[in-house]
Amino acid sequence: MRFITFIARRVVHSIFVLLGLSIVIFIISRIMPGNPARMAVGPRAPQYVIDELSRQMHLDEPLHVQYYYWLRDALHGDLGMSLVTRRPVADDMKEFFPATLELTLFAGFIMAGGGIFIGILSARHKDKWIDNLLRIVSYLGVVTPSFIFAIFFLLLFGMALNWMPTMGRLSPGVSPPPTITGLITVDSLLSGNLTAFFDALWHLILPGIALAMGGLAQESRITRSTMSDNLTKDYIASARSLGIPEGVIMRKFLLKPSLIPTISILGLDFAGTMANAFLVEVIFNWPGSSRYGINTMLRKDLNAIAGVVLTMGVVFIVVNIVVDIVVGLLDPRIRLAPQRGE
Amino acid sequence: MRTLRVLSAMMVLALLVGLVASCASPAATPTPTPRPAAEATPTPPPPPEKTILRITFSWPTYIDPAVGSDFSSSSSLCNLYDTLVFPTTEGGVVPNVAESWETSADGLTWTFHLEKGIKFHNGSELMASDVAFSMNRMLEIGEGYAYVFLGTVESATALDDYTVQFKLAKPSGIFLISLVRLYIADEEQVMANVVTPGPYGDKGDYGKEWLLTHDAGSGPYKVKEFPLEEYLLMEKYDGWFGTFHPNAPDEAKFIATTEPATIRTLMSRKELEISDQWQPVEALEALGKIEGVDVAAFPSLTEFYYMVHTKKAPTDDIHFRRAMAWAFDYDAAVALEWPGTQQSQGPVPALCAGHNPDVFVFHRDLDKAREELAQSQYADQLDQYPVEVHWITDVPAEEKWALLFQANMADIGIDVEVVGTPWTAVVEETADIETSPHIVTIYVSTDFPEAGSLLKVRYHSDAAPTWSQNEWLLDDELDAMIDDSLSTVDQKERYAKYYALQDYIMDLCPSLFLYDQIQKHAYQSAYVDFPAARGEVIPLMGLNMFAARIGVTGP
Amino acid sequence: MTVQAKSLALPKSKIMENLGRSWYKFSRNPMSIVGLCTVLLVVFLAVFAPLVAPYPRHAGKFVDFANASLPPCRRYLFGTDVMGRDILSRIFFGFRFSLTMGVVVLSLVVPPGVTLGLVAGYNQGTWIETVIMRITDIFLAVPPLVLALAICSVLTPNLFNAMIAVSLMWWPWYTRLVYGLASTLRNEFFVNSAEVLGASKFHIIFKEILPNCISPIFTKMSLDMAWVILLGASLSFVGLGVQPPKPGLGTMVAGGRNYLPEQWWIAVFPALAIVVVVLGFNLLGDGLRDMLAAEEV
């Protein structure tokens, strides 16, 4: 029961935060100097067309009135019109967000799987040469920004060696699967199109790994340090002395508690990855909502900027709640702990 | 530990399978297709694969004929739609949808007779009512190329199924040529897809939303797929009334990227036929080195201007402007461009119809520059009056000339600040006389090959709050001269007036005229027949990407 | 618990001994030394750039098209870019922008962020705490880069506005950090005693609670230098930070990207410079954390 209350409080808290975020975003997108209506209709349109569009966009009304319209529309799923693509921002997000989601999820798998794997490896062979090597590599992974990895990968694997594709989600000759989820890998598996599946995977590798590097390094470091801490704990020693095989110890006693900090960080890293996707998508010309976000930011497309940031906020908050739930399930200590203020 | 081993084994296995599968799939690695033998072979040749013409463009692209007007939009529109007349390589027009036409004696009424049996992509016939509809729709929406007709065209009516009549408010020497920008849309299809409510009363949104991603045209190609931010895919329309090149591509794909790295990769894998024209010189040189790839370079009636604000200190002083014009190193500027580029001769590109061959041209002369500067009212306070130059970040190479300009001006003591500005910001700031910078550097193309139309878009007061003019001349005499020349129906008279206009403008020295741009595209010369590369250049923006005339026989 | 407040009255030999001990803890990890040296090198190059750079004029208004796009050679150690400017010299001047970004942002962010955290932590259970922490939560709801990009896109792109944008969304991290510390300390014995003795709120917050938070704050600041510099480089890379022709590191990478892979040096060397700066501050930060954390045992 306590657990449910815990989650419920988080959700209410998050809704409040989202509301506040929407206000901040709205203010940001409206204090823009200049007239966005003019930019929308083209350089040589007559004044009456500009005036009409301004009226439609409620640009001449006071700020709080504009906010009211904007929020009301947003709750109905209408985020306004993008000045760049000239169609509803909601449609743009529906088209582009799955691509970013797919890339981020792929990077997430690499981060989680690779990070944990490397972390365990490092912990088992602590202070030997392999551990030191991995530690250096993961350190570099943490400090190097993803866009630099992206450029290097592009240069090396895409251009110099010409192994990997450098743009887009599918090769030109491959026909895309029908859109069910928007994730090409999932859709192609669902419709039995294996060529598309592998081709999509092939295109995901370079940007996915570039994106995952930071998180991967982070995960491996945390896993390593938690594992090596836990390895010295008393209960492990007693388990060993009882004759329980090493493998069972690893799986039953070590994995769960060691993974807790890893998973909490994973949530944060996932959001960080979404943010880094902005730069990586630009470099690899990945048709995702982040590249769309950069384009619209450079072109000062108010509604689109607001839409992208809001989406990111929602995703981040949802991920945090999910992580809290998962960690709560894994670690009884957290969900049974007294709440703040009790 | 065992779980770990199993996990890692699975990962490695998955990766291996993925590698093998993608090596097997034809898309990942480029395999050279064997050229089919010319002589008859005992086994029948395999059915011809679909040919596709892929071109990269700077985005966005609007395929609504009343909305699109930039390079990528114009290129798309000419493939999707037909026009009453079609431009020739000499700068004139030939009958296209219109078989013939007459004008009234006062030049105010134009009557066009249409060819019969032209079909739209959905099968219905192109009638005069569609032509009238297209003109009226363009005038009402007021975007894109509408400015060409607004103020000139009063009405468009269909007299019968194949005759359409335009009534003009005043005579125009360029009306006929301007019809190359009236793209004829199917009234039925457009009106069947309007969304109500909309800003056009009972016409709803006038079909604008539908026309974002669909076409209602009769042109040689029709829209197959259009994911807005990525590419436009068109397929051949076999019912087109015109004549295709024998090897015209079955599909045409316009791709939304100008990244040199991407273009390099696509070209070398033969996944791109023609590149965009914004590649930096260094990238083009590298592209030219790829086997089978050449660079097509042809004049494009585009001039590179340094538009100088004539109403803002210190550039409001004519001596100051003349000093800048004398101090700039035009030869060095041209040297940074593709070989063969020429310094501009006046405000109109040299190859444009109506260009004045005797117009005055500046060259670098520091003595004359200092002389002029000494006569300016700001001569003693140069450090208090820095000049701001805005170059457009969407074309990174523009920074080079901006920095060259800065160095040149330093030679005579003028302080220059160089500011990279994105295109949208430039459009915004040039709309207001206060926010316009001292100098903005823009390539301006003629919308159609007449000096007059370029001069109007560049120096007429109507155009002052647009991006095509930063000078803010606001000169009534000049306005009258320009309007008068455009109304002159007799060509010789008109050209004489153009000459006078160019002399007048050079006296005012409102801009620096750097060079006539050579349009450069890298293309797969091994299997693409690109008419512009052979010298058959249509001097109209976008028309050199008319896919119906381009031959593709590979890769 | 109340050790810190007395340290100012120590005799000189004690101070030297403390410093010596700190240095020992710091230098135990060789990587920390590497970090320190790297940071000192970067600072040195940035401060003395006009004297140390082989071609200091190249960082300002300069073109030399005859020597454009030269690969690394004896004359130009890192090669030249498309305007003929020496990349090595420009990198030195680029360090200036990076360091300015870090220093200015942290100076703007730490005082208000820490103060808010202290106030919120001290006034637990009141509306003051709720308001402050809710606002903090709002700003922390979105990943930093996203919010920074959004704010930057609204303003004119330049370094100054980039610093404003990053400052606007960076302060909550300090508030949250200090809030956590302050709310724990608030209930400690020494705070209660001070209250009973009639100390003013100001004294308690700044003279009793704050000194015990200094170590974590300081550690976070040194690590943050790295992240803020990275954020600045990312913003410049996208086009919203340092504008060309100024030699910002991210700006140079973005510019050089157009000329890959032939003229790879134009993008690669500035990219490596970014990595070096960020790595240096990270190592230094880790070392400081080791040095300061051990104190609390």
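Should a chain be cited, it is by its letter among A, B and C, assigned in written order, with residues numbered from 1 in that chain.
One rule holds for everything that comes next: a contact is a pair of C-beta atoms (placed from the backbone, for glycine too) under 8 Å apart; a residue touches a chain by one contact, two chains touch by 3 or more.
Bear in mind that the values here come from a model prediction, so they are computed numbers and not experimental data.
Chain-to-chain contact here is organised exhaustively, every possible pair of chains being in touch.
Chain pairs A-C and B-C differ in how many C-beta pairs are in contact, and the one with more is A-C. Per-chain Cα centroids separate chain A from chain B by 38 Å.
For the pair chain A and chain C, the distance between C-alpha centroids works out to 24 Å.
Averaged C-alpha coordinates give centres for chain B and chain C that are 46 Å from one another. Among the residues of chain A, those touching two or more other chains are numbered 154, 159, 298, 300.
Shown for chain C are the residues that touch two or more other chains, namely 239, 257, 260-261.
Those residues of chain B in touch with two or more other chains are numbered 259, 261, 264, 422. Put simply, chain B touches chain C in their complex at residues 259-261, 264, 280, 282-283, 286, 332, 335-336, 393, 396, 399-400, 403-404, 406-407, 410, 416, 418-420, 422. Of all the residues in chain C, the ones that touch chain A in their complex are 125, 134-135, 137-139, 141-147, 149-154, 226, 230, 233-234, 237-240, 253, 257, 260-261, 264, 267-268, 271, 274-275, 278-279, 282. By the touch criterion given at the top, residues 61-63, 65, 69, 82-83, 239, 243-245, 255, 257-263 of chain C touch chain B in their complex.
If you check the complex, the residues on chain A that touch chain B are 34-35, 38-39, 41-46, 48-49, 52-53, 56, 84-87, 92, 95-96, 113, 117, 120, 154, 158-159, 162, 165-168, 170-174, 194-195, 198-199, 201-202, 246-247, 250-251, 285, 287, 292, 295, 298-300. By the touch criterion stated above, chain A contacts chain C in their complex at residues 13, 16-18, 20-21, 24-25, 28-29, 31-32, 139-140, 142-145, 147-148, 151-152, 154-155, 159-160, 271-272, 274-276, 278-279, 282-283, 293-294, 297-298, 300, 305, 308-309, 312-313, 316-317, 341.
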